[in-house]
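Letters A, B, C and D mark the chains as written, and numbering starts fresh at 1 in each.
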């Protein structure tokens, strides 16, 4: 039994369906003809119909009706700045939690938070956490830092030229900053840090991005900075790239955990022992005991930080408010802590990489805009508050899941609420 | 200048808005009265109206109309198994790419793939990658492994009892397997691996989950396994928890990268040099040169694996087909490789943690169901094919972004396609 | 101030010493003549003298005397199986701690442990930890797992052939096991797990290695396994490599943390409150408070597991007992935990990757052999006990440093004991 | 076979030696009497004899003679500033490689490098790499950055006070810098960066440390800084700790990889195709092919960076020159790259965390001092050059091992050179 049984199992499973030769056949490239979809930037009734004509079989008219419904088709062009090859909209159910009391540096008041998900029990769980937190006087939150990054890479023949390049950049930094900031009204280049690996130099360009999440803004600004370098720097350069796959854009990274990328927020609440017992059905000690094991699990499985399910809260909030759902990959890292404070329970989350905007991206689409309006955080001046709400929501989720697991309720909640499937 | 300037900048920014005392005030807990939303499992016109009555101010009737539109409200109860406290649906625009030719172990044929996103340029970019891949004979893909995990934790007084517990589990494994599998028609417990850290034992319980993504299934099965242990095991136990925060559920982890959690798929295509030049507007060598730098960036920034933006493709596909968008956090890790093959370019992705189902979760909601129907992958027997499609889509995205960055087109694409904002 | 001040500082520092042109000159390759040292496997007085003739200027006769002292030169050939190009021995001071009481699965009794280091305060600190632990009844320890790994890699043209290869390996596993085990009396091939990334297959070959640390043993055995594959497997293979840089040999890795490489040991002691106060000069609560912060630090800085300074104990023990000091890189990861047990303090360490042998490597050199003899753990049948001692020593170090930092004594100890420098 | 076979195997192994009850007995704490070693700071003949009296049985007189040999005992007190409870010295064999030509920013010339190890084949392998590099014109090396860090932690009641604290530190930074630098002639506080996780603030204090490795220096300086804070800062503080387990001292961390801790050096050489063939017995293409697989292995196993065996070179050099061998744990991370340059092979290493000094630590002990003298790098003004040598040595090791594995020679070398055991 030198080969693990699960490997053998899996091979049997494959073999069960195919004999060797057919598989080989099946996996070969093919030169069969095909006609590709013509790309469409501006969505119209006609363009949508044309796509659907192609999609019928396997899809049906009912499928078309579900995506290209009358409300969507009343003005398909409103989506043109957000998508190409438009065929309709997918309807993601939205639930509401609240009031969630937040005493934040930027967000302040009692919020109702829209959450879009198809996972049963998720909204109920966050709602429970929000109730416990609000009942305990609300969540204190503070935006600690902001700074979206792009990290262009520059390749040289050798280490010596890489060094000369760094020196040139340091000397020319004011002009470079001007070039970058010339592309944007709201973006400010806060710092440029060179990272050298022999003949390759990455520049960590860190920006504040006003009320936008800012990824496009920093791309365009950094591109201008790079082009200014390319135009004026006389150190012989083999190549430059707008992004050296270093910034952590759309992916979890330790750089993000250590230095942050996006907005960094801490949120905290001290739950009274009574609330833990009545609202959450468990005890402070039980939650602390589990927190210890959960922390051990996070280490042993090699997570980035230690938390339970930031991704659930972030994905639901991001989708409901027109944020970039793919950024959940980079945002869902950080730290959850629980500690005894006398008979009460201190609970805290810190998320170093929240990527949200109150303008730009999907925020101006009607239903996403509605999501921001429910929060009262649409438009200029609200992105920092939105980031604090995001962290506060994550804190609610952490409280609820730790309570549920410590009390042994976790499974039951999922069984009951997903009961119809 | 011992304090980094960005720290000083950030402090000024905070100070600019507040004086010290008001901040302190602002961040205190508050005992003001509040009435919480009454939780609602079954959505009705009345329940939705009631919530909206609460949400008006700051939200408007137009906001309500955008979420609780007539199509949505025609049958609000259809969402009840997927959400609580329902107030409507958020409409995420869907674009289509294809045909994407896949010669997979499970998926086979020319697919049109729906992608839901609000990020301009994303669909266009993936469409370009799909065209290049299909033009080159299509993508070979294979599901290599499947196995959703839960990792309950058991706490003992000491190491010795932890050891006795492991021994008991090994002895009783057949009964435990029966207990777990008794809760599910489709789930099979493939392996149980104990991980001991002194007095704490985690059991890595690995299941195949049929055509469901399977998180609920493995939770319920593992709960039964744990309750069987709790009922029969005589080794004195201090506590057990259904999940020791070890499985990597909803978060990126090295456990996931090393051993996989969910479905593991490799997808690959060899692009002809001609396609790289005509379709992608760059050269094989330019893509290889960039790939080397991108790989360096992935190491230096501490990513899990090395890839560019799996999260974009996964989030868009997950949302469009009723998958759990929060799972993007754990799914968006893995490896992208590009290598020379004569004058052509070998491109490969391997994703160890794809979490998808062709049944269950959000897959039966009308617009999500339509997404699966467009693929022809709804219902029983399709989950493995869906996982292969997910990997193939990610490969398209990797090809397109590497081409764009290597050619210097990346910024321009984002500028043009998000042009209206 | 967009460029961080430390970057500017560093550039000034470089510039202070050189002007640009001289640097360029200085860093060019040179074709000047040189004569290389002739390699010597068998050390003799003559060979040592010959090397030293070369080394005089800059080194002196006193330097030669310090390395090639009479004791060393009495029998230089005794080192020939451990080193090439021998010029003498470096004398690393050894201190002793103990008695350290261990109630282990394998190690049992009161041990005196030799530790070789040049870092002042290290031995004193570990001695203090040992005293506290022994005073509290001793350390319980258990070898939980053993399994040194090699991970050869096999490269194919494509995914399909990689799959056929895996199937072939599974089918032929008994013969392959025989081939591997035919090279060694003590090594047993425990498991072979294939990891596929498209066209590349890694085989995680896991061995028990008797009383040797075993790296050479598993290399030779795995090489035989690979050659058997190469000779008989008909799946077309592009290349194979004895190690795919996957096993974690000589480097920290999450694979090592998650699955272990080498011997995995847990060691634990419950310190009485009285011992914490009298011996360690702090309180249980103070240690717990610090442990919480230390755990947070480990997460935020991206460590592998959470511990304070396993490396100190391991390096000192490895050097004193003829182990491979380079393995400290992979061994010094794992988990330290401290928890309240009533008024007492539960302390535990788990090290997943201890690489030690009681035979082989440097263990038979005279002074290293003496180190093992002091422990009473030289020769056959002692490696598991030695691994338990290693973990127990690490536990002593963790106790002492956490106590020192929590009490504010850490700095003072280092100031006093390194006082002469 | 739900339980992996290796788990069952391991349990059998344990069970084979013990029955359950005896194990329990064996692992209990014991109150048996013991007398501890009296700690000794100043080593004398008498103190050494006294220890040995205790160690006889199990150790023998021969063991004592091996450690407490006449040369060592001629002046035992010379070790007193480096160790406590001294019982003698362990003799680690030293081999020499060279000449290694280095064209560095700081190190310049042809070096002979002493390496202390008991691993057969190690010195021969590095010697081969050195020959290939020197033959190709030598290694270009540059110290890119230096900065040893300490990260004290400060704990507050809440986030708000943590914020006030950061503000206070920023305001008082000049005084704090003076306090820190008042303790040291050579250390300079380069930057202080606050990292906030809710109520806990870490200060990343980064120093240059002159020619010392500097860990003690930065501890003492940071302690003074902390005490100045504690004395003057009026923000209510719950506790402070000299180190929040954040700096990466004695352990691998992503912080170290991303921002460096210690000296950061890049070293590079372009090997001619002829040298690769004649000296290394392989081809440029074969080395590149393997490098690609090795890079994949580094990702999939979750290493920090990508390299083969920095630890071997570092441990051998550190021990031979009186550096802290435990620092291998943190130093042995970084990046090795190999790329085609026409028909030649560009090879590069970057190590972000080299911890070496040319003064302090063990550098003034006679045999360690001899090691530095062989390099010509003892005393003031040489630490940067020593760091460049360390990186250059690692590069030699990478070249040699990649060549050996790509050529299939790796196993044979280990078989032959460890032939006597």
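Simple rule for what comes next: a contact is a pair of C-beta atoms (placed from the backbone, for glycine too) under 8 Å apart; a residue touches a chain by one contact, two chains touch by 3 or more.
None of these values were measured; they are calculated from a predicted model.
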(request) If every step must land on a chain the current one touches, say how few steps get you from subunit A to subunit D. (result) 1
(message) Suppose you list every residue number at the subunit A-subunit B interface; are over half of them used by both chains (same) or under half (different)?
(response) same
(request) Could you give the separation in Å between the centres of subunit A and subunit B, each centre being the mean of its C-alpha atoms? (result) 11
(message) Could you work out how far the Cα centre of subunit A sits from that of subunit C, in whole Å?
(response) 39
(request) Provide the list of subunit C residues touching at least two other chains, using ranges where the numbers run on. (result) 2, 4-5, 14, 23, 27, 140, 142, 144, 159-160, 163, 190-191, 197, 254-255, 257-258, 295-296, 298, 300-302, 304, 306, 335, 337
(request) Quick one: which bits of subunit B touch subunit D in the complex? Just the residue numbers, please. (result) 2-4, 7-8, 11, 14, 20, 23-24, 27, 159-160, 163-164, 166-167, 169-170, 173-174, 177, 189-194, 254, 257-258, 292, 295-296, 298-302, 304-306, 335, 337, 339
(request) Please give the residue numbers of subunit C that touch subunit B in the complex, ascending. (result) 1-2, 4-5, 140, 142, 144, 158-160, 163, 196-199, 254-255, 257-259, 266, 268, 302, 335, 337, 348, 350
